[in-house]
């Protein structure tokens, strides 16, 4: 079986497991107050060039999105997101469960268009009845998006400016941030820290067993945030589990190297797909590639041993599938894939 | 000033005020257990030809929608509604505040198309990832809709059948039900009681000071519903305030007569508008009429003393406004309006 | 039947019904923006000697408590209250439903002891684990309490000082405030406005059909409060219903006169009870009186036509019942009661 | 430094880390559908002698309590617990945050008395106003309790019978269940599975890096539970992290052996404490021991290198501290402790 279905089907990068082993029998304080967690926070501040950043480690993406959005919004506010945003479609209603509407806008290859965001907010305040409507209280973007695409620096600047003008936070979901940073892009981590109000650095899809690092960049972490995390059932007694892994990820450039590895292999994957005349659904510069198959091919590829993700119906006869590289993909995997295709 | 902006700008129909006066000094039990409330419930059962109906009186439409939807849905379920549905757009996020997503579908002149509902549910269950998505757990319709339009009996039967097939309730928001029942329609109250699982009979827009009657038609009222109402802060100590009014509304056919009055005047209003060559936004058979004006006319009509509702922008140069008749509109009002137009 | 069971078994004071009738056919704007509501707000500011007060009218006590507490607390905070406080025991868990713990303290005849409040907060912050506990975020008192008792000016000053020191709001539930103001007391309305951060002036138990006036006294009303009220399903389309009644209540001293009337009759009631050698459960200076009966007397009094409230078991053989006077109690009622007793 | 402060200051038992390493590079399906998770479920069914049990793995205790309680209760219900129960005091209001009141009863050395539970429920239903109060909808116990004490089989049978009579579930919090099972007790795992409706088997305090196994024993797991878990932000993409650890814990009797080890050392700890004339706060048969120290001793012991948990003030001059053994405590630790004491 050849696994290209996602970027989280393996366990941890070996260096992270090793770090867990090496620190395993140390007695450490609980709930994210241990020295490895503190060290990881410090390293994230350094690489983000945001020395006053407030960093908290959480278990997963949906939990992180729910906690950030629920705590930064007022009760009468909703969050603006692309209709394809993860919070809109694939988190089982976690945002609404916490009391807030996801105000969806059309997407352009998974991205929000700053013009649409500006227009939505303008129209909202122009409406005489807006006190009976849900206030736009935050802008949520994912980077890379659910379609693997990336915002340009200029796009992020424009979104940041709009949010600044209306005094609402800009939140960047970085579940796959490492892959985004390693792609051809003019957006680096310090710029993201500067232009957003809060973002998170994904671990689960970047070689950690578990863990996402939420970074509040503008001294805007809600007061008593750890109590809020506890109240959501999201505070781990052994916070070290995530702290040790992130401490290692941000040692010796590992996080960035894992991203680069996956992006290099993604480029080779694209070359193979082009060579074999596969049709791309869109142009993705990151580790997720989307191609359009005739429905008849789906079963053939499965039987040949390829594990992919069914993404969506394209039309009656065609289907979009996802192939993803990751920190754990090898050149041998690509060669084997080439043979199958 | 000539008031056509909505159907709730006056107080109560005089007969209701009189009923409140006549019963005012009687000592009655609280929280909706008084004899007038019980009598009103009985009368609603009779006119709905649904003798086992469970009826509860609440204060307003948003409160009613929130209570019905929140209590009938499981936490992982959302409610299907037209994008123009009141719960989607003009209730300040009350449904999401109670934890549930409003799953919006396109509207056809304010109505849900049964084909779209069927397709949405089918697609949902066909999706491999649907356990990570919000389950469709209820269908919400308004009748008349926010655009004054009405479902046909056949449309309601089809929606009812779909809901039945998927074992989810069909909920009809009848904030203006009396106007809908009095229009040219093949849907009467007993049929609505038969085809829906829960609906409400609006009072506030039909001559009451306050009050909506929620009717659970299939012995499906949530257990301990009055405790739930109390917990939402929606249980009135002096439940008589609503009970007495509904008891009077359903005495001597008053509720239906008020509807007929408004619909007759709405027909005359339409005739005047046609005569004066106004352009209709859509064909509404009920008390709300929507016309398209050049923006320049808006101020002129206001200055002439007409109070209307701004509805929405039509295009850069045109605006949709609403004119509504009600139980309190008089022929003199129409004559005066004719002069202005 | 002789009704002493509570202070809300009648409809409205006739002057309020008359005001509703007189204004009934005026066309007014909705949602609490009409002129009578604005006038009522102005009058409440005047009598409270708090000209910048922010006043909102809501339907009932539980709704008011839920809205005030939920919107002023942070998610990780709870509200301190006496174990006998209405929010602790008789609101069907409305506070917890909105996400907050009621942190109960022992009561002294229905009142919180400032010493207990100070101690609780000190102990909380002294606890190393307090980040895993619910923060005390507000103090809730009722005045009169559920047992009819009143805080003294000194007690309220001490509670106010404690809240001020810890920067948490003091909230006074005035469901029966008019009765409290008319009793022998050194606390008047301006002092209450000065010493509390938010309080409400009860209407339902003071002769209104419905309605409570929430008063934020320190320019501390949550932003976009009307949207929040709407979101809770608590915004009435015909806000005039409450506005007109409060406008009348605060015209010609009516609210205060109704209180005085009930307190005078309560004194006469106490005299009768003493004369007949009934045993008081506690000394209440307001309109609610609590007496201890042998269980055998309960049925006898009921059969004689007295309607009272069962309050609580006193011991195996005795029961506490409540007798209440109100704006609607007459001297004839007292004479009839005297005959029964 | 000598660590006796709790049972979660180390990482994982080495066998669990080894299992994670061995399976690390296998490609597995996500979200708890992998083969190790399925195997762990099967093993838990076996040792519980409850072959139809529905088992779900979650990250931590507060999360588990919140999910179980919120999903099994109706909105108008609360959960009965001892005032010292973890959900009452040390979960930052997580239960109230999910909308439910914790109905507290006095504790007897951390335990609920079945007589108190029965009385509370009887009194509730005897109260005429109970529709305005929070319904008792579940009984929550911890076993071992927060004070290390254990229910007897007879006590659990009585609680189970009461719950059965009133048709409400009995929920056992087993954060330290392994230590309870290994102590002198007449309660084994199959009996617990039989007498409770849902319980959880703690991993975090029993040698896992993370993880608790929730066991619904009566085919009563809420429908679409994984969607609910997702909606709470509690579904791990790499469910294998917990599945692999529990699969190992229930292989070769490891979970039970770890419990036995800690209990043996706890007995030796008690012997040392007695030998040194320390005063016990209560008699605990499990791994947590509570002793009363003069305040002056606190600093002395800390300086000698002992890490303990401050528990609570005993009186002005004395303090209760906790010393805990665990799967990771060694005899050398005890010898060193003896020297310090």
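A, B, C and D label the chains in the order they appear, each numbered from 1.
In this section, contacts are C-beta pairs under 8 Å (C-beta built on N, C-alpha and C of every residue); 3 or more make two chains touch, one makes a residue touch a chain.
Predicted model, so just to flag it, every value in this text is computed and none were measured.
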Far-end chain from chain B, centres as C-alpha averages: D
Contact-richer chain pair [A-C vs B-C]: B-C
Centroid distance [mean C-alpha coordinates] between chain C and chain B, Å: 34
Cα-centroid distance, chain A relative to chain B, in whole angstrom: 42
Separation of chain A from chain C, taking each centre as the mean of its C-alpha atoms, in whole Å: 50
Of all residues in chain A, the ones touching two or more other chains: 75-76, 91-93, 97, 131-132, 227-228, 230-231
Chain D residues within the chain B interface of the complex: 70-71, 74-76, 131-132, 135, 223-224, 226-228, 230-231
Residues of chain A touching chain B in the complex: 75-76, 78, 89-93, 96-102, 128-129, 131-134, 310
Residues of chain C defined as touching chain B within the complex: 1, 3, 6, 8-12, 14, 17, 20-21, 23-30, 59-67, 91-94, 97, 204-205, 209-210, 227-228, 230-238, 240-241, 307, 328
